[in-house]
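Across the two complexes that follow, chain A remains constant while its partner is chain B and subsequently chain C.
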Partner chain A sequence: MRKLSIAIEQLTTCGGCENSILNLGDELIVLLEKNLEIVYAPILMDSNRPQHVDIVILSGAVRTEDDLKKVKYWKGRCNVAVAFGSCACFGGIPGLSNLSPSNQLLESSYINQIGTINPAGSPPTLNLPKLTDFIKPVSELINVDYELPGCPPPPELIREFFISIVEGREFRLPNKSVCDECPLNTGESKEMKSVKRWPFGEIDRNKCLLEQGFICLGPVTRGGCNAQCIRAGYPCRGCLGPLDKSIDGAAKMISVIASSSSLIDVSIEDLGAIPDLVGLFYRFTLPISAIKPWLWRKRH
Partner chain B sequence: MWRPKIIGFLCNWCGYAAADLAGIMRLKYPANIRIIRVMCTGRVDPIHILSAFQLGADGVMVIGCHPGDCHYMNGNYRAERKIYLLKKLMQELGLESDRIEFSWASAGEGMRIVNLIKNFTKRIESMGPSPIGRS
Partner chain C sequence: MKHHITICPVTRIEGHAKVTILIEENEVKNALFQVLEFRAFEHFIKNRPIEELPILVTRICGLCSTAHHLASIKAVDHIFGLEIPDEARNLRLMLHLAGIIHSHLLHFFILYLPDLMLSDVPLQKRGFTELLRRYPSLIKQALKVRIFAHKVLEALAGSSIHPTGAVPGSFSKPLEHEVRMELLSLCNEAQRTYSQILNSIRPHIERFLSQSELNIPSNYLALYDETDLALYDSPTIKAISSNGNVIDSFDPCNYLEHINELVVEWSYAKAPFLTKLGYPDGFYRVGPLARINIAEKIDSDWAESLKVEYGFRSGIVINSTRHYNLARLIEIAYCLDKICELLKDPSIERESILRSVPRKLKIVSNEGIGIVEAPRGTLIHHYRVNDEGLVTHANMIVATVQNTPIISRDIRILVTKIIEREGVNEEKIWREVTALVRDYDPCLSCSVHSIGSPLTIEIVLSNTNSIVRLPKDLK
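For the complex of A and B:
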């Protein structure tokens, strides 16, 4: 059987998604021996972009014009395009930069940043690609066949994806929330009796974090990660994005907090004191949020 | 001429009954409001409000029972919290949170609901069309 060729195209990314592929371990070696062949991956080796591949894995956000070119290159040159990781699927953490115009971003990182010495007083221009106005999910730029969210995508999902591609099956993301997989979910009704910020206060590792007052995005986030953050004592941050048919994870999370907070022990001011709602609820999904067009119009 | 489109989520037991009473009393209120009856304002999810804006609404009103009067014990308090948090989120994003109004009216307050609708319509008229409206 012919091996399926894979290209891994990196956009603006930290490299964590590519590392997550390596997390498959021995299974990756078996897959690479029998069924898959990586033909292009700048993170591993320098080579020219091939003319045609079977699968292209696009990871990272489209932040610069250069990224835009890279994405457009694969139009019609692949059989299967995969948006890999939360940045490619929803814009991810870089997506939060949609809140400020790109010139302001350059100024704050190259001029106003504490500790930065910049005698020229202007952002560097040499060899730097221009920033795009807005970060958009890859699926808005080219046709994407599969989306594999996660920051980084959990190895179990990657394995399932590769195996289903090799076997010729269609890959579906699990459509159940993190709470469904969470070991702390007892199935009983919960009441938030206080509002706490994560590292502060005592953490009971055997009790639902939301019940303890930590804002955990588990109820509104797609599962598939086996609730690994919560198993490690950290509230869910929502990296796998909203579930199918949910147009906005943040709105759903507001609903969760409002309906589960105790009316006696938690006052409305306590809820108002939760710092940085945007960063908390839209940490990974601002570019696909329901209010995205509003932000866009505000800028133009 | 542009006329604001306003979506009103009115609860079955108080807000909607008050609007009903306003009709029986033959009071006039602006025709800009499109009333959607819900069983309780606690049922109104922030998603519904955002969807209304996405579909071209210029303002959204949610009117429920007075505090303590909710037919379902505490639905109106839940709604208050949802809308409070949604408005706060929008303020943090720098969006016009004044396009959302949460208020109370009991089944006997036909006059009050007319005033609420009138004032809100005036406010939206002064704010102009919603930036994400369809038209």
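For the complex of A and C:
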């Protein structure tokens, strides 16, 4: 059987997605020996962009004009396009920079920065790709056949994705929440009696974090990660993004909090005591959030 | 005659960069290593709760996320005025060492090895796939050791990429007894496998050591401890010159008085320099080579014997960039030995580990600085917060950014030598310049925590106005 050709195109990314593919170890080697051929991946090899591939994996968010060119290059040059990782799917953590115009982003690093000397008094520009106005997920620029979210995508999902592809099966993301996989979930309805900033307070490592008053995005976040952060003792921060048919993770989370607490236990003021609700509820998804039109209007 | 050379993208490195070289009358007028990415972490982490930063900033880099996680948590501890119990400190240290192994193995055996072992292979085939075809058992062994590091990271912190282990004042959970014993046996196995790997690449290393080298005198900077290789915590940062003289030695918390950063118009990466020497004299190298050059003693017999085998002599500074790769191999051995030692100590199983986490949010200092040696060099996280614990200012100086001005200088010297020898040979320039850049294992996502992409070399022949891009790329 002919091997399927794969290209890995990195946009603005941290490299974690590519690294997570290598973490498959032996399984990756078996796939490469039998079914898959990586033909383009600047992080791994010296070859040039091919004219056509079976599968293109797009990792990272669209942040610069170079990223725009790269995504557009693959239009009509692949059979399957995959948005790989939360930056490609939703904009990811760097998507939080959509709250500020790009000149402010540059000023914070190159002008108003301690210990920094800037003789020209302006950010660098010479032959450098310009920043786009907003960080965008790749699906806004190209038709994406599959989305594989996660920061980085969990190993189980990556494995299942590649196996489905080589077996010619349709790949589907699990439509269950992180709570469904969480060892702290007793199945009983949750009761929130307070709201606290993690990790300040008495922590019971064997009890649901939400019930202890710590915000955990497990109920509104897609599973597939086996609740790895919670198992490691941390609340979920929502990296796999919203579940199918959920329009906005933050709205859903507010409704979860409302329904698991009575007004006597937790008030709007209590929730207001949690600083930075945007950075907490939209940590990985601001560029696809329901408040996107508002951000856009604010800027223009 | 003028030549203007651009290499874009530079492959087998993390992130996006470009090399531009201007040649006039067979003389290199300028060489620039341009970093093309910017992600604005220093801006968008402002106004966010300080305790969330250790998991937010991991996303600066997917190759050394543990180092960012730990530098950040150290700064956070500082702000809350917290003392760390020994067992939590040891778990953090183990996390750090495993992160270094994970990163170094990726660089040496996947990104760099084609330069050492596939130099006869044409460009289109040079890379991981061909490596796997020619040296399957070696690559499988290297991945096996890497999977060991991955398992340590997963057991301690949920994931090997973007970990969530350290919490203010402590570590999120102890290591269970069974897990500790299993990791210990895997560690012994990883040590054996790694030792076999080193034996099988020995002839390649010997050939490489016998080849003539580009030695460019440089300054070096790293954390320093008189008794051991300092990777995680140490009260001193030391800077030495190319002949080993101490240029500067200071408390990491005073870094602002000793290191400045210069904004250059042609790169998203700034150019840090030693304040004492100014720029360009004060540019310096960081990373494995700097650490091995600066450390007087390494507390691992295995690492010490590798040092001797690879030509490092105490008191003598090695200035060849190729030795960055060998220094990486030494550090992997050191990290394996140390992890083994840490795993033997049952105190990391203690359930009481969370007792040092503060019950109430209380800001003790409005400023916190956390510094570790990341796989690619000294990493500085510096935050200021208001009384609610929200970030008002953040400054991060990451490893790769400190090497970028030196990389530009090295490229200029290297290309000058090539031209003296054989004129403007573009293929040769491309091959040697990219290999030089790769010696440093630059991580460009990191260097600009900021914007990211592959390295490019562009050659503009100004007499014909033609631009040769190597390798051929998007027009």
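Here is the rule we go by: the second predicted complex is superposed on the first by the 291 of 300 C-alpha atoms of A that agree within 3 Å, B and C clash if a C-alpha of one lies under 4 Å from a C-alpha of the other, contacts with A are read in each partner's own complex, and residues count from 1 in each chain.
Everything below uses one rule, namely that contacts are C-beta pairs under 8 Å (C-beta built on N, C-alpha and C of every residue); 3 or more make two chains touch, one makes a residue touch a chain.
Since we're looking at a predicted model, the values are computed, not measured.
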item	value
Which superposed partner A:Phe200 touches (first chain B, second chain C, both, neither)	second
Which of chain B and chain C A:Gly16 touches, first, second, both or neither	second
Chain touching more of chain A, residue-wise (chain B, chain C)	C
First (chain B), second (chain C), both or neither touched by A:Ile38	second
Chain B versus chain C as contact partner of A:Gln51, first or second or both or neither	neither
Chain B versus chain C as contact partner of A:Leu99, first or second or both or neither	both
Partner chain(s) touched by A:Ser189 [first = chain B, second = chain C, both, neither]	neither
First (chain B), second (chain C), both or neither touched by A:Asp276	both
Chain B and chain C contact sites that coincide on chain A, given as residue numbers	99, 276
Residues of chain C that touch chain A when the two form their complex	9, 11-16, 18, 20, 34, 36-44, 46-49, 51-52, 55-56, 59-63, 65, 106, 110-111, 114, 123-130, 132, 136, 139-140, 143-144, 146-147, 150, 154, 156-165, 167-168, 172-173, 255-256, 259-268, 270, 354, 357-361, 382, 388-390, 393, 395, 397, 434, 443, 445, 450-454, 471-474
Chain A-facing residues of chain B, complex	42, 45-47, 49-51, 53-54, 74, 77-82, 84-86, 88-90, 92-95, 131-132
Residue numbers on chain A that touch chain C, as the complex places them	10-20, 22-23, 25-26, 29, 32-33, 37-38, 41-49, 60, 63-64, 66-67, 69-70, 73, 92-94, 96-97, 99-100, 104-106, 108-111, 113-120, 122-129, 131, 151-152, 197-203, 205, 228-229, 231-234, 237, 275-276, 279-280, 283
Footprint of chain B on chain A - complex, ascending	99, 246-248, 250-252, 254-255, 257-259, 261, 263, 268, 271-272, 276-278, 281, 290-291, 293-295, 297-298
